[in-house]
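Take a look at the structures listed below.
There are two complexes below, and they share chain A, which is joined by chain B in the first and by chain C in the second.
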Partner chain A sequence: MAQGTGGEKRERWRPPRGRHRLPPEVIARSQRERLLDAAVRVAAEKGYGPMTLSDLTREAGVSRTTFYELFDDKEACFLAAYDRAAEALVRRVATAFESEGEWPKRARAGLAALLEELAEEPDVARMALVDFGAAGPAAQRRHRAVLQRLTPFFDEGRDYAPGGRNLPANTSRMAIGAVAGLIGDALAEERAEDLPNLLSDVLFATLVPYIGPAAATGEVGETER
Partner chain B sequence: MPSTAHTGSGPPAPSRDLPAVIEEERLPAGLEQLPEPLVEHSQRERMLNAMARSCATKGYGATTIGDVCAGARVSRATFYDLFKDKEDCFHAAMELSLADAMGRIVAVYSPDKPWATMVRDAAAAFLELLAGRPTFARMALVEAPASGERAFELYASGKRVLQSLLERGRDDPVEETAIPSSAGRAALSAAESLIVGQILAGNTERLPELLPDVVYITTVPYLGQEEALRQSREAEKAIPRADS
Partner chain C sequence: MASESRRDQILAAMIRVVGRNGYKETSVADVIEEAGTSRTTFYKHFEDKHECFLAAYDMLVEQVFAEVVAKCDGAEPWLERVEKGLGTIVRLFALDPELARTAVVEVAAAGADARRRHWNAVARFTQYLEDGRELSGGEELPENISLLSAGAASGLIFDELLAGRAEQLPQLLPDLVFAMLVPYIGPSAAAEEMRRTAKAA
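Let's look at the complex of A and B:
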């Protein structure tokens, strides 16, 4: 688990109360992190729509004044929390992906890491794939921009596949959509902890547009053995 | 989705009883085609239309009952005569448009058509419908999935109809490889994601140009790459080109 992705159940470190000598930027940073954690937790519990500023300040133990020093509004805080989580997720996927050689194996490692991370951080998962839609059009575009950061991992499939150049222009976007859709379906049914079991399905969905159903099934079979 | 006897984890057996699917989903099939904007014969319809328009411009979350009343030129009292709350109104708007849309998609279904042709025709009808009705496109694919349980359930029921079209209409089941039972659902999500991306980017009117992509992704798990690419190229020829 990369540090600072939020959603942890344990308490985050807080500066000691009362007079102390911590530099103001350290305090602000810790308050900011706590607010981001709070945004993840509250959005997962009650959804983005019903989440209020008071929820965030209470959960993070900061004042409204402090909140407004750090963020313009609820949306800004939520988006910052989302960005932090997305950053950690993409980094973990990239590390796993790069640990393997051939593209189908790289894809499998990356997807396995993705599913494990989301299973470990169900609040983050809910925020990223289920609740995000409620946060409005601007937020949705942001979400899609992050999903598109996964594109290079899929585009390698084009280079790997014989005849990959002939595939439709939007193949990678669609493959990402298939993976996000399968994960979103599982999360909507509150099955976050089962996510690692989706590996066969998301791997097939990832591989099939590039290498076809027979080869994709073969690769999936190797996963299961 | 009922499981089938012939394969454990393979795709459901093809079947030809699509009207029954519509029934299951409680969506009236083959409603009269409604022009867009929705017919404004009554205050109720004006309010449904105002709701759809407001969702398209500012999103469901930011839409207020005041917006709906102003857009429909009715009083708040009239609103509350007909709807319990904002969600109730949104649900009604979604229900009406969705029933009509699904009726149109299912109308392309015919037992005489090869499966791939049917998928192409249904995809083309869907993309054209969305392109011609940007407010519906936005409401059904952007707002509904994220606007409460009732709206989500309607959205999900529409998606299940499309999934049934894709899975159960198949006339030549893939013998061999037992592809995952989630393959059809995954392919639909893939196409949906591409479509929603275009809607959010403000390119709703150009959705019909995505037909070759949509045909490829929805047929490749079942037909294999070579045939899916052939179908995709066929679809390319069928797109009406605005420019060029």
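Let's look at the complex of A and C:
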């Protein structure tokens, strides 16, 4: 496939060619960002396994030498791309979550932000929830670590729900597993653009272990109005 | 049939080797060595490693499912079936950590076809447990409810296996029962079942 060699269509800023006065850190930074973009795009297009170093350098328009100045190998580059995406995702979810008052409303806002982000960035979504499996144990551990960072948003349900303190310690992990399962299922079926429609289901999945099916259904109904 | 059993040996070897070394790291050479067979025999039965893995995975799912069904008599109340079914799986996984890792963790590394198989297996298992559910009319539960209780339980199992704690899985049974039941019956009733399971263990 000869596509992806020209850089004209890319939105990300690139330093001018030839002689210029940009400090080397700026150049390296932009090269690094381009490589991370490339990792996301190529992994989404052909999968992590078949992705080669040449794919990355070609997509990013950098040399092999530059690649090795920035990363040890393909896995390191992929993991860095994963971290960057995770950081952006967690931040967006947190901002949405904090914008509301009561926990069910906060959860709704956070989950809506999560689904929107993943729907807008289907390549990132695939990487975060599907391809991490192919990238081996290091990526899988990272994936779990990101889910861990989302735990506090779920566990506020403990303070909100009557008797919430008596719930099993693993309650947030269960809720997160349910949400990740629903999203992963939609992504596996290539339905990233439909993700926002999952809001009712993921909200129910989040609320139900804390407040039970009747109250969770009630909250879901309210958000649909 | 001799060649039939040869094929099964290769499949069983694939499950063990992948569980031990990971899917990515597993080569056809590793599998034939484990199976004590030749390369020629391998390629007589399978196109490549991936095709062999998918066949091995199908076999694994049938084995696990058969175990679960054998432990349930089909007449037990729904709550009991959930507990028995989950209990069967965690004990099986604890006895055979290699199989467990292949079934739950490594399958994610084996491509989209494999992941779909994994997900179908989880859905089938949940469906089986759910079949025993008494429908208390008038409930407006989400259509996806079995998918989400499955996701909750399999997330916990995945975490344990990733951390290399297959042997400790049976201790997680009460939590798994809670995870599976809570979307249907709510936290206080599910916690009740969780305590009952813990006591019975």
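FYI, the second predicted complex is superposed on the first by the 215 of 225 C-alpha atoms of A that agree within 3 Å, B and C clash if a C-alpha of one lies under 4 Å from a C-alpha of the other, contacts with A are read in each partner's own complex, and residues count from 1 in each chain.
Throughout what follows, contacts are C-beta pairs under 8 Å (C-beta built on N, C-alpha and C of every residue); 3 or more make two chains touch, one makes a residue touch a chain.
Everything numeric in this text was worked out from a predicted model, so none of it was measured.
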{"item": "Three-chain arrangement built on chain A, chain B and chain C clash or fit", "value": "clash"}
{"item": "Touched partner set for A:160, first chain B, second chain C, both or neither", "value": "neither"}
{"item": "First (chain B), second (chain C), both or neither touched by A:217", "value": "both"}
{"item": "First (chain B), second (chain C), both or neither touched by A:182", "value": "both"}
{"item": "Residues of chain A that lie at the interface with chain B and also at the interface with chain C", "value": "49, 132-137, 140-141, 144, 163, 166-168, 170-171, 173-182, 184-185, 188, 200-201, 204-205, 208-209, 211-214, 217, 220"}
{"item": "Chain A-facing residues of chain C, complex", "value": "22, 24, 105, 107-112, 115-116, 119, 139-142, 144, 147-156, 158-159, 162, 172, 174-175, 178-179, 182-188, 190-191, 194"}
{"item": "Touching residues (chain side chain A, partner chain C) in the complex", "value": "47, 49, 130, 132-137, 140-141, 144, 161, 163, 166-168, 170-171, 173-182, 184-185, 188, 200-201, 204-205, 208-214, 217, 220"}
{"item": "Chain B - residues contacting chain A, complex", "value": "59, 61-62, 142, 145-147, 152, 174, 176-180, 182-183, 185-194, 196-197, 200-201, 210, 212-213, 216-217, 220-222, 224-225, 229, 232"}
{"item": "Of all residues in chain A, those that touch chain B in their complex", "value": "49, 131-137, 140-141, 144, 163, 166-171, 173-182, 184-185, 188, 200-202, 204-205, 208-209, 211-214, 216-217, 220"}
